[in-house]
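Listed next: structures, encoded as structure tokens.
One chain, chain A, appears in both complexes that follow, with chain B as partner in the first and chain C in the second.
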Partner chain A sequence: MSKERIKIAPEFRDIMPPEYRDLVDDATWGKEGRGWKDVGTSKELIEEHSLCAGCPESMAFRYILSSLPSPEDTVMVGSTGCTSLVFPHVAVHNIHSLFGNQNAIASGLKRSLAARFPDQGKDVVVLAGDGATVDIGLDSTLQSWFRQEKFTTICFDNELYANTGGQESGLMQKGFVAKMAPIGKQFEKVRLPEIARESGCHYVVNCTVSKPSLVEKVVRNAVLVARELGPTYLQMYTPCILEIGKQSMEGLQEMRDSEKPGLRFAYKEYASPEAKELIAEIAIKEKERKAAAKAALAQSSV
Partner chain B sequence: MSTTVDIGTKNKKGQVYTDPNDLFFKTPRTSFFLTGSEIIKEAIKRSSCGMSVAYPITPQSEAASLIGELFAEGYVDIYSRGASEFDVMSICAGGSFGGSRCFTTTAGPGTLRAMENFPMWAGSRLPIQVCITCRGINSPLSIQPDTLELYYMLETGCLVWHAETAQDLFDFIMKGFIVAEQPDVHLPIAVACDGFFVTHTKDVVMMTPDDMCLPRYDPYRSPVPCMDMECPPVRMMRDPFVMKNNYISYATHASWQQEVRAAIERSRKHTEALLDGLIEVENGDAEVLIVSSGTAVSQGREAVTLMRDEGFDVGLVKIKTLRPFPSRELQAATRNAKRIFVPEFNVASWLAREIKAVVQDNQRVVAGPHVGGGMTMPPEIIMERILRTLKSDKEALAHV
Partner chain C sequence: MKPYRVLPGPEEFLPPSAASMGIRLPDPDQGHIEGRIVPEEEAMERAAQVFLSAKVPTIFPGPLVLWSWNEKAAKKATAIQYLYDVIRESVSSEARPMIIPMADYRPKYPKINPEVEINPNHPNLTIWHNKIDACMFVGVHCHQANLALKIIRGGTDCFTIAMCAQAGHEDANLTFRDATPEKIMNFAGWIKKLKGTV
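Then we have the complex of A and B:
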């Protein structure tokens, strides 16, 4: 959808909600090179959120939405959980249907959009919690990867069921004491990134959201690889500060502490040979674009 | 933005997009002798179907496989197998959210495994069509014909139509898309038939020409936005649906449930025009009526003949749509009846309960005969039940 289509008829401008006017006037739709640095300076694609104060998910949401290569042609699919508290405020079409079926919904959606808009390159991005991705929705998650569906799956891994009050999940660490794990979780954290790689994902990253530039890079790579090649998977640590006994201001440090070398959220990336090639091409084009922009800026200031 | 095609133009297979009323009522039809599963394929061939997702449930999967052949031939745009019925129904939902006309089939345990999706379809206003070829849902494992699963479908928010014959099935599938996709309806539709009795037997069906087809689905006639980022995104609400401390949230859900049911009722006017009414009445003035749906109607029709041969005047009411339920029509049709018999192929007698809930003097309604687990229901059983009841009524009257 071009930005032209969301323009407001002058007669109605004064009665349109302010956030919609901002979207038309100051969003980064259609802007090449959009990214996390637009946060706070341009209209963001997330209005408010109903998450807890200091929740790392709210940061992650902002970074991801600011990093989508083409939000004007992106549809997101969510699931039940804390993320579903945010999606009503997001300025791209998004679907919540059931708990755990997000990758099945995305499969049908992507195929439908590909058939209806063969020349337009509509992106589909799934964003769900670890309960939806790894427990109740594991079947749909894996099946979509087996089928080589061309969309990105992002898992907000907070290692428990946060929205229902901190119950054990498959991505919880072994031994962690939680609701429904009264003597500590009895089995290891499910190694979904490895399973994703073996299931046919072309690009897999395991990381935290402590570094916005890193989030921007992996989100762009994941969406663009999915668009061209096949399924991609990002697992991002977004700790539930409430359920692990942290204060509102401690989420960032918790992520930094968990991404040190050897720890469970140390940065890990896998790219298939085709994906590596594509990412290299994208990097070259991005470099050329930045050089051209810099040259244009220099020219205009002369 | 509209994707409405011009009537009279051709699709990539050379089929002419035809006005539905012309296709249904004006074009000449030709007779074919086919199984119910083959009929489903033929109906889909003429329905400009965008997406079909399949799962091989035992043994009614033949229709879904046959639609795969249509995909290979180019009559269906998107086709694949899902990993389970839950997966299939969700993939269909994704396709429908994305603006495609979607069709799938299921039966028995598959219907129940898929069940969480049906109210979601309705609440999301997705006009997906599922053809339910009914079979048992009980344990021990059953693959026999049984309509118990339709009981579970009644409050999902879907339109539910019940075909008696292969001819019904052909017409209901094509007409079902048209009714379900009306802007003032825009709901999913379950077109049901009785497994084996309809799906696996051959019957003569009058079909429309296969070089003519329905217009394509236009997602921009939907009462809710199509999820394709081709219309401006809106901020849905101040607080999300699941906020429990918010009266607005309660009101939203309550009014939406009412709206879905109101949309079912609004489908009546479209359905009446296309199906020639929600019920069909034969000899409605009789004091004894057999009222049913699906193949139980066929058995009832045979029983009517047997009863007439014995000198009894018995009428027949065929219910075509379970949702919307033909309450007013049944009240009128049964006004003069002293006894109303409801033969059913399920243990619960759900149709009798539905009828009892809407007709006056509902002690007239006899819930039966009903058979379950795939047992057959010969017309003699229906006749025996009627005669036994009438005799009992007579004895009771004499006793008074």
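Then we have the complex of A and C:
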């Protein structure tokens, strides 16, 4: 893992727009222990975005990008929705799929990458809204899990169709009234995390993105488990502050309020027995890496 | 019906794809000029004349050569830089040669800076802004080049040349195919040879 893949031809360095030079010079790829703490210092972790000011999706995106175990060997698959406004700023290979098709595209992509680069362990990560994951794309979402496709599905759950002005989604809470769902939702929120578990996902988490270190941990687990074992699913609450009538600064509090015990985004995790074993191994290695880094630091300051 | 010619525009808002108008791709060692299949050397000569007579002859290097991702790409970058140097030495004193990168293909929000970059989703902005009247695409993936070449033909009067590493481009006003560093150097040779004659 290194920056070798993103070298600008020396002849053209002076004509490249400055953001590409910054991207290469400051990229965190290849850095030991890269993670959410790098957000804000590196161009590649989304400097600017075109979401609403304060939209929690913008932070969720940054935490996820900083947590990918091998960003230069990762391809993300997006879908239409507010998330698709951010992908043009993402410095990781990504494909925009037809709305709802994301898990079908990712299945084919993962298989072809595995055939083309058998020794490189390419990761595929789907990132789509709840409308794309649970309503229009539910078929391809579930089928990819049934088939044990080895990639991670991340759903940014904002409980409605935000990008098209607030229609009802399967993940909307019962009774919620949105701008384009005026009578209020008649049915319960779809329990996709449970469905994911029953459909064969090896690692499933339901959480908010209020705590960056937690997001880092679950993203890393999900990608590494998918690489070795099979499908993984993360459902993350990224409230649409615009549609629920909150101010730019209120997204974080909204997430904290919804993750209290017993509420719909209280942290829930499921791991299959094999995934548990793998996660434990990963945790041990991470601990050793941190200890070695600490020892090296102490040594250098002597 | 008169056969279709791939002429500089502005043609119309949505020009037809040249392939749909019966323009076909050249075979190896051939090129096309405005859709007419010619021997490659004839296309070289014509492209050199176009660049030497242009007010703002411009090279648009794409990601396949801007990024040093393999040895061949690195060699092409050196050849393109050489070509640019030759163009600068060979054009008249009024001409203003440029080299402007197409670093990637994503639509950029809120907008591109047409002074320093070109984007295939609205290449006309860079061409209008810099008053570019002749350009060469090199190192741009085929599907993006096709899109950009058609938009340029639609909305500008710029003469487009494709130095294509694959089978060439119907939608360019002039195309080469199977581009190698040597072929780019050969084109530079033609510009040197015709210097002062146009």
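Following the convention adopted for this analysis, the second predicted complex is superposed on the first by the 293 of 302 C-alpha atoms of A that agree within 3 Å, B and C clash if a C-alpha of one lies under 4 Å from a C-alpha of the other, contacts with A are read in each partner's own complex, and residues count from 1 in each chain.
Going forward, contacts are C-beta pairs under 8 Å (C-beta built on N, C-alpha and C of every residue); 3 or more make two chains touch, one makes a residue touch a chain.
Quick caveat: nothing in here was measured; it's all calculated off a predicted structure.
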Taking the superposition on A as described, I'd like to know which of chain B and chain C A:Pro17 touches: first, second, both or neither. both
Who does A:Val75 touch here: chain B (first), chain C (second), both, or neither? first
Applying the document's definition of touch, where does A:Ser107 land relative to chain B and chain C: first, second, both, or neither? first
Comparing chain C with chain B, which touches more residues belonging to chain A? B
Between chain B (first) and chain C (second), which does A:Ile6 come into contact with in this model arrangement: first, second, both, or neither? both
Of the partners chain B and chain C, which touch A:Ser50 in the superposed model: first, second, both, neither? both
A:Ser97 contacts which: chain B (first), chain C (second), both, neither? first
Footprint overlap on chain A, where chain B in one structure and chain C in the other make contact: 5-6, 17, 20, 50, 85, 87-89
Which part of chain B faces chain A closely enough to touch in the complex? 3, 50-51, 53, 77-78, 80, 82-84, 86-87, 90-100, 102, 116-117, 120, 124, 225, 227-237, 239-243
Touching chain A in the complex, chain C uses residues 61, 65-69, 73-74, 77-78, 80-81, 99-101, 103, 106-110, 113, 116-117
Can you list the chain A residues touching chain C in their complex? 5-12, 15-17, 20, 50, 85, 87-89
What does chain A use to touch chain B in their complex? 1, 5-6, 17, 19-20, 47, 50, 72-75, 77, 80, 84-95, 97-98, 101, 104-113, 115-117, 122, 139-140, 143, 147
